[in-house]
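Naming follows writing order (A, B, C and D), and every chain is counted from residue 1.
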Amino acid sequence: MMRTQPEGQRAKPSLRSPWRLALHEVIFEADTPAGKGFDVILIISILASVIAVMLDSIANVRFAYGGLLYRIEWFFTLLFTIEYLMRIVCVGRPLHYAISFYGIVDLLAIIPTYLSLILPGSQFLLVIRILRILRIFRILKLVPYLKEAHLLLKALKASGRKIAVFLYTVLTLVVIFGSLMYVIEGEINGFTSIPRSIYWAIVTLTTVGYGDISPQTNIGQSVASIVMILGYAIIAVPTGIVTVEMSHSFNTPISTQACPECSAEGHDTDARYCKFCGAAL
Amino acid sequence: MMRTQPEGQRAKPSLRSPWRLALHEVIFEADTPAGKGFDVILIISILASVIAVMLDSIANVRFAYGGLLYRIEWFFTLLFTIEYLMRIVCVGRPLHYAISFYGIVDLLAIIPTYLSLILPGSQFLLVIRILRILRIFRILKLVPYLKEAHLLLKALKASGRKIAVFLYTVLTLVVIFGSLMYVIEGEINGFTSIPRSIYWAIVTLTTVGYGDISPQTNIGQSVASIVMILGYAIIAVPTGIVTVEMSHSFNTPISTQACPECSAEGHDTDARYCKFCGAAL
Amino acid sequence: MMRTQPEGQRAKPSLRSPWRLALHEVIFEADTPAGKGFDVILIISILASVIAVMLDSIANVRFAYGGLLYRIEWFFTLLFTIEYLMRIVCVGRPLHYAISFYGIVDLLAIIPTYLSLILPGSQFLLVIRILRILRIFRILKLVPYLKEAHLLLKALKASGRKIAVFLYTVLTLVVIFGSLMYVIEGEINGFTSIPRSIYWAIVTLTTVGYGDISPQTNIGQSVASIVMILGYAIIAVPTGIVTVEMSHSFNTPISTQACPECSAEGHDTDARYCKFCGAAL
Amino acid sequence: MMRTQPEGQRAKPSLRSPWRLALHEVIFEADTPAGKGFDVILIISILASVIAVMLDSIANVRFAYGGLLYRIEWFFTLLFTIEYLMRIVCVGRPLHYAISFYGIVDLLAIIPTYLSLILPGSQFLLVIRILRILRIFRILKLVPYLKEAHLLLKALKASGRKIAVFLYTVLTLVVIFGSLMYVIEGEINGFTSIPRSIYWAIVTLTTVGYGDISPQTNIGQSVASIVMILGYAIIAVPTGIVTVEMSHSFNTPISTQACPECSAEGHDTDARYCKFCGAAL
């Protein structure tokens, strides 16, 4: 369960009225048929609304079905607004939910439609609803996947400082090489400003290479070659960092149990007998 | 042997007529001179037919030799059709063969020609015949290569869940960044719809960078820079996953010894006692 | 502390006058409020001046605020010049500081403005001031980050020879493939000279792929395909090198304990006796 | 010493005349001052001739100094031809040298000039002379680098089968996806033939992404997205393979020596005393 359940911690569920508890059961849990059904409908609604937003962005489709898609958008937004309010009402600690990851995503998933009344075009940000699909992991009992995701996040967090140092190095490199190229190539060759040259340096160092800006002079191409080989080589650094950290995070299922007879360690977690002396663990 | 041999499992080969057994020996086995010769001729035919298909796709060549290539195509298709029917006839369990990997590939390798009568152009899908070349491993006794391939597949399967989580993250990222860029850049700068913007996000995150669509505004280039650096950095994640899993698959010289008591396998090479029942190994 | 402090080594601080010592405390140290305040003001000045340089490179901004930015540039340059001279004056061993990494960066951060009087445009190289921000690590007590950076550098240094061999191989490959493509594609297809073709080979091998030069002939595209697959595959080499070295650097929790007898260091954490002289640790 | 020295193996040097032995000492060895001097002059000549070839390929330079460069080219070619003949003459087993790696490179380094009399343009292949620079390792006593190169080659060879399986998979993928895109996009969108579509698939899968051919249809862009994500993900496979193999090749300097007192193992190679009991090893 990724979602924190404040009720259990409070141990005072009696303070809430029975209908709020029942509603909570349906909306927040996925163990009862009603709760599971609610989640399934929710996910279908999310997918349908995201597809509607995407279709609305295609000129031809908007021209033909713009009115319908507009109504669908508002229908889902109102639906999700009601759902959001219901979540606020039935949860034990509303504020705790509202500032949790899911609470913020749930809110962000309805704001753009209202915002589009003032700022046309912002309704396309509704695709952030896709993040709500994370709930799918709960319904489909995809707990093993959550565990894997947790392991990955753990490995990334453990290497956080090293990655920060790496990113700092990359940013310093692109600022310096970007400015150098601005001086070398100049505005006539497309390097119209230092920020734009830094953008070019990022495009090149990350080996993306759009080609919308590319060096024309001999010196520029030489410097660009250095940036490319640098980018090609230093990709090894984050890879090395993450691999080593993952190797740590994943390699630990060795049991810490020592044999009561011979004190040998390093048993597999599924071992029932010592592999060295045969004593029961 | 990758191909399952249902005969051995059935242990009732007498049910089949002698000519079917002889045919089976030639078509399915590669131990006899006839069987090996059959396979060699088959592979040459496959390569020849794939080359004919490729040549047929080049405008100049088709203009000059279109008729000849058309006849070659049909010749090989009829040949492979006869071969497919013969395989169905002589095999012990036809259905089992038909739904196996090789059975499906063998069928897919003849369908496009017939399909091209209805749907012109589909004959170019005949290149799927290239997959039939996998048989080459059997003839050339490339068993060590099959073992390596098996190890690689094992490592990939073992990391399957982690890769699924990674792909899910990548897909979520490209949907959100794609939509964001659609809002920022708009249709005048080539981001004509959300699906197309998602396509751009994939092109950028994977560091392919065609340059057919590229951000023009300052904010767009800033967001694109974030996507590029993300793409440059998170390639470390699948690399780390696969490396660690391969390190497990290749590095664990799991003993092939089975416990004399409980027949359990998977003991470490330094184990002296069964870790499940405690019996001496 | 990354900066070497020659005073401590000399142990003769009395030779310098008190005001030089006080100035040294403020400029070089970050432990006193005055020293910390100085560093904070310095970093803000550096960032402000770098932003001014970047803004100055944007045509519109320069057109509107060129005079102001010019004055800001000179203001900061004079400020940093005074600071540089003060550092030279108050430090114990001026020459030692002048040729240290920080000393050179401090000097390079003021030269471009003076140079721009002779060589217009060189003032944009002022962005090298960004390197001065490295001091930020000292103020913010980011010692753990420095340690991580040190570990990364150690891993890279340890694999220095292997990386040199790799770079030599890459350079040989791009020279040979570049010349080959010059002969194959020729000047009409954009491969106008061997240096330019080598530039193309680097763009391709590093998987950057601008597309400003791309092969047009069939043979050229075949050779390009080989270069691409080579580049796609050999990225594995530096990655492997760095990963293995990092795995060494990070995984060996070398004890900081020195042998009481022979003062040797570098013992394993599980060592109970000095591995060099056999004395108990 | 990378070069095999057949004399030592034959142990019959007396068969050769003294001047041949002296010449051999100078040309093939780098231990005497004369031998070292010869190698230094050789490398300078190689570099000079390669630079001359490169300069000759630049239109402006050829226009101005074409005659001079043509004479320089022939001068060096004749020089290297004499050197090659001298090597053949003074070496103990001429054929053995002629078919060795260095012998072939030495020959290839002179052929293009003669070939250019028949086939204009082939003189640019003279850059293959750059491979002769490998001798530099011998002169500069870069034996440690040779060892590292040897380690890298060992790791690559050890993973040879796995890399072959990987390359086979990549080639199958690009053939199938290339043909699929030819059918989907068709000749009007730049996918003019299957070979050209396969070229596109390689450009995309390896994340090079020139953008000279890029999908225009919605289905084409979807398939391209799959190819990109595949290419982005499966780069992890060779990286994993090479990393694991390198980890094997590099990690073995642990001494195999066991302590004579306590039989403990896992000592460092520089250990003189057992780290567990303090006994001399």
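The rule is short, and it goes like this: a contact is a pair of C-beta atoms (placed from the backbone, for glycine too) under 8 Å apart; a residue touches a chain by one contact, two chains touch by 3 or more.
This structure is a prediction, so every number in the text was calculated from the model and none was measured.
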Equivalent interface positions on subunit A and subunit C, same or different at half: different
Mean-CA-position distance for subunit B and subunit A (Å): 30
For subunit A paired with subunit C, centre-to-centre distance based on mean C-alpha positions, whole Å: 31
Separation of mean Cα positions, subunit D and subunit A [Å, integer]: 42
Junction residues of subunit B - those touching two or more other chains: 166, 195, 207-211, 231, 235, 239, 241, 243, 247
Graph class of chain-chain contacts, one of line, ring, star, complete, other: complete
Footprint of subunit D on subunit B - complex, ascending: 50, 53-54, 57-59, 121-122, 124-125, 127-128, 130-131, 144-145, 148-149, 151-152, 155-156, 163, 166-167, 170, 195-196, 199, 202-203, 205-212, 231, 235, 238-239, 241-243, 245-247, 250-251
Residues of subunit A touching subunit C in the complex: 161-162, 164-166, 172, 175-176, 178-180, 182-183, 186-187, 192-195, 197, 204, 207-211, 214, 218, 221-222, 224-225, 228-229, 231-233, 235-237, 239-241, 243-244, 247
Touching residues on subunit C, where the partner in the complex is subunit B: 207-211, 239, 243
